[in-house]
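In this document, chain identifiers A, B, C and D correspond to the written order of the chains, with residue numbering beginning at 1 in each.
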């Protein structure tokens, strides 16, 4: 693999001795990165290591405080992202940074719309959009506003925009992907890799950030590891094994604890929540579901299979229009989240940016808010109590922050996710619905979270966990419900509980 | 159709009411429109009167300028127009039947003349002026008239002049500050306010500053609203120039005459009210309160 | 081509040390500068006044109360300060309330008419006026939170219609009354300070307790910052929105009472006219974002003081009235710019550049 | 019926409803004259609202428009009157100056990260302050050019008359329609309203767009001021007070979201027509006292907004059920 890259040649893009400070944080200290044409370069590190910041410095979103950026042998500096795009650096940022109010097609081509007589040709634009998306196996209504689609679809659209040919700019030389696969399924990931390989052939240098090490080994040629804002090392993928890589990232070895026993399996434990023939408009159809008390149940399925919808329904965000639902032995009807929370049901939503974070508030406030809301506005959690909660979870989940007063909006993506998760763990509900809880969380914290989930189960909490990562699901679930096309197609438990069986059930439709 | 300015003051409301009452008395069907102090609304109103085909239009204009196009339109539709209260500036006098206008400049003159005739004003006399809304015709013209007379009396001088936007609350607030800026009002001989409301507010401020309005400090203004008569009767204020709100009668007279064929009305009928002083105030207050 | 900068396996102590070297805690909250610049602007304005009138800072004891230009500024700020307190909350939820001026007028009209009827005790009159204000707030709140109408139009409706209602109550006249007890609410004094000032302090205290000693303030900020996420948290975002408009209505009622008591009459057309803009301005000068989120009542009150000090300065300055708006515009821009970090930076570099040159010469 | 255009159709229906109500009650209401009056009476408001739509679409707001109308009117009147300029020359000076003024506000908003509401509020004070400085008194305009323009127009049956200013307004509407919905600048405006940070990351020239946007709004307001001067043959520093609120209300009634990113030019046109109709209705009625007319205006406004809201919710629910 490694001899594909002509290491003697000059790097296409080089970042040297980059420094970047935020108030209270030295985000980058002497960070560096060199990119060659035609390689996939994985940029790895813990949450808060500074990966996204490096990317932002490289693409003109942030201005560096020190160091230099060389394109070929020319020192450059970009004042705006547009400048970077002009010289052929195309970027997909970590959070989906698109415009929810515009149509999918418009999002894809904003700034380089096809024109006729000097005016935007909407028909041609829609046509081109459909073509572009079909390379990603996506067949959606491109004239609908982007906000109507799930995070995963939005993520795909963002990627498609990243690889789309740009008008009026140099052709793409560098493609930067900041955690593009965080909310994608195995299938989409493969399609994405297909596209990346094609681009690589064309000589595009690709920066690829992820927390999935398997994907690193699948696609990347070289790896740069960062820790605490510093450069740790640059390696050929082929010559670095997984344990070494983890050690480089965390600065220590991680004792592998995966594939332990799931939550203590009390066979025939009573079910805390029972749904019978539950439906809601088009989104969930005739669902029968039993969630046993004190156990974790996994929810698997492809993109758009209706997993998120089930969670929304059980949390009172959508109203059921048929069927029955009972919780802790009593029949219930939910019409808003507050009711669900009062009963002891909590949902950690999938889209942290719009449904989770309260960006301007501090970590402390974000963590204690749900508990506070449950208690009611007049019984205030003392600041000391809030502080304790925050400190506990900052320590426990290794949230990278100077202190608990930092606004959550200024954290790195993975750390934001940890805060949101901490918020719901702090409530200690009877039933916790987690929709993609580990999106963008690094492997160190990942292990910690699985541990925590297991602990909670032991204390009697029930969980329903949605995840696109099957390994993770099998790690703690006592039962896995498989969804396809908004219907439950299988329920696996005991012996059947392994990735292969789940895959088979998910794929069932095409067989 | 009657296009009124709005209802920004008690005076204005009495004016509207008197026109309505007059119309009722004469059995005229009156379309009333309130422009909320905006000329554009007034023009719209006049144009919709034209569209409805009313027999005559009375306009109490917000400002003097800007009436040419719409008056032309009325003329084209052969609807006679009478301008009341404020003046209008148009080149072509045939656009309207007549103007029944108050003369703001004259009001200012009257107020000043009275003030200058007072014994206190014979020596050095420092005056505080509370202006109306910046840019309002009434404010500009009253100040003009007042200053005209003042120019002939070198011993008198306006030392402070600030707008209080024709309102009582502002009158009080501005007066409060001005008095402090003038060493607590020492050496001020008179207050000249562009309307009674401001004067009434200012009177309160003067009292709170520990001075005696009407005695240590003469108060003169324009409008003659009932509350001001009360203040005069109590000795807190000295004089006001009446602004006659009963313009409805003459306007209907002209219109009725015009519709009967009398086309040679004078183009300008001036109405300036009288100056009222403390002596008649109590009686006037009783009379006006009942109205 | 493989290079390594740091040792792979480090001890936990080393790891911790590396982290600590990167983070310096305590920097996240800089409350200090949030207060610094509004206060600085206020101080500057007062200084200008002192230059215009050397006796500006003088205070006298007269008729059992303090008396002087400074007291005037504080006293005159009272109605807008009350409005700004309510407006802060509304703005914190990302809304805006244009109707507060009209609500002032309505409540003033209610007071004046009740007093004219005679047989109403002062507390009853105040109580009814406040109820009226709350009712107006309720109307706004229902429109915004339950009908989902955009705040600016929802409150515009009451801004237009409310003044009509007030005039209807007064039949277009200025209703005056003689009631020294009620008038004392506007122009009386207590322990040396004007009653309106006490009212504002009281309102500020109660609100501050209500908002900061309970979680209400936090909920308001959460809703303003991200209403959807708040709903997912179990916060009743509609209820919160309704509450802030109610509170704003109540504050406007108090402001209306003060304004009415002050001139011993209710002027339906002019009471509170355009004061909503002053209140919004004050809240923003106090550093709040109109998109919602963090709020601070004390800072909003400082904003009000700045605006009032400015109007006093204009009156005292003796410049012709036609310059008023121009001066106001320029000062506001300056105050706003002072709060912009970039501008401060530019000022600083300009200053140091001057110093550098001065050093060379 | 497509869901994106639903609010437009509902507003359109409401406009027809209002017109129907007027026509059934008052004689002379259902005439072409009333319709053309509606356009010419509200021409300046409409032109202002067009600029306002652009600004609101971007997530901003422009409170200075009313004052800019007054300022440009006064400036035009002074240049044409005392200074004896030809009107066209005067306009050629005023429009770029207004654009510069708007660009200044845009630059403050963009570079110093100040809030549009406040910057434009200061702009409002500033423009009116300058206008009063130029002339406290209203200045009449007398010029053959004005008379010539007043004569120019389209004669329609039934007393209808589309004057030069109405035609200009219609042309401006069409221009803005194309600019907003079919030009790259228009997409950038929507992008800013959607999420300015994302827009920045997607390579939208945020600074340039913001500045252009406010420049356009001020320039349109100045244009409205000129139209207003044709309407009144004068310039007056106190004219057009509160027009900014009317314009905002019209834009919002037209279905544009104040948070930005969603709305249509046609919606604004309908919003202006609806507000104009309410006023015409009240003028035709003519029996309301000052205060009752305010209450009725507020009430009708509320009625229509609430109806619009309920209808679109109802529709959406039904559509959701069927899909």
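Simple rule for what comes next: a contact is a pair of C-beta atoms (placed from the backbone, for glycine too) under 8 Å apart; a residue touches a chain by one contact, two chains touch by 3 or more.
Since the structure is predicted, the reported quantities are computational estimates derived from the model, not experimental observations.
K.L.:
Would you say A-D or B-D is joined by more C-beta pairs in contact?
P.N.:
Between B-D and A-D, the larger count of C-beta pairs in contact belongs to B-D.
K.L.:
With chain centres taken as the means of their Cα atoms, state the distance from subunit B to subunit D in Å.
P.N.:
33
K.L.:
Please compute the C-alpha centroid of subunit A, do the same for subunit D, then give the distance between them in whole Å.
P.N.:
Going by mean C-alpha positions, subunit A sits 44 Å from subunit D.
K.L.:
I'd like the Å distance between the centres of subunit B and subunit C, where a centre is the mean of that chain's Cα atoms.
P.N.:
Distance between chain centres, rounded to whole Å: 36 Å.
K.L.:
Give, as an integer number of Å, the spacing between the C-alpha centres of subunit B and subunit A.
P.N.:
71
K.L.:
Find every residue in subunit C that makes contact with two or more other chains and list them.
P.N.:
Expected reply: 167, 172, 322, 324-325.
K.L.:
Mind pulling the subunit B residues that touch 2 or more other chains?
P.N.:
6-7, 13, 16, 134-135
K.L.:
In subunit A, what residues contact two or more other chains?
P.N.:
none
K.L.:
When you check every pair of chains, which ones turn out to touch?
P.N.:
Here the touching chain pairs work out to A-C, A-D, B-C, B-D, C-D.
K.L.:
Okay, in this complex, where on subunit A does subunit C touch?
P.N.:
That would be residues 7, 23-26, 29-30, 222, 227-236, 239, 244, 247-248, 251-253, 315, 317, 336-338, 340-342, 347, 349, 354-362, 365, 369-370, 372-381, 400-403, 405-407, 423 of subunit A.
K.L.:
Using the touch definition up top, name the residues of subunit D that touch subunit B in the complex.
P.N.:
26-29, 31, 33-34, 37, 41, 44, 132, 136-140, 142, 150, 159, 228, 230-234, 236-242, 276, 279-280, 282-291, 293-294
K.L.:
What does subunit A use to touch subunit D in their complex?
P.N.:
61, 80-82, 85, 91, 93, 97-102, 106, 110-111, 113, 118-120, 122, 145, 161, 281-282
K.L.:
Using the touch definition up top, name the residues of subunit C that touch subunit D in the complex.
P.N.:
Touch residues, subunit C against subunit D: 98, 143, 147-154, 156-168, 172, 268, 277, 280-281, 284, 289-290, 322-330, 332-333, 336-337, 340, 342-343.
K.L.:
Please output the residues of subunit C touching subunit A within their complex, sorted ascending.
P.N.:
1-6, 8-10, 12, 14-15, 18-19, 21-30, 213-216, 218-219, 221-222, 225-226, 228-236, 293-294
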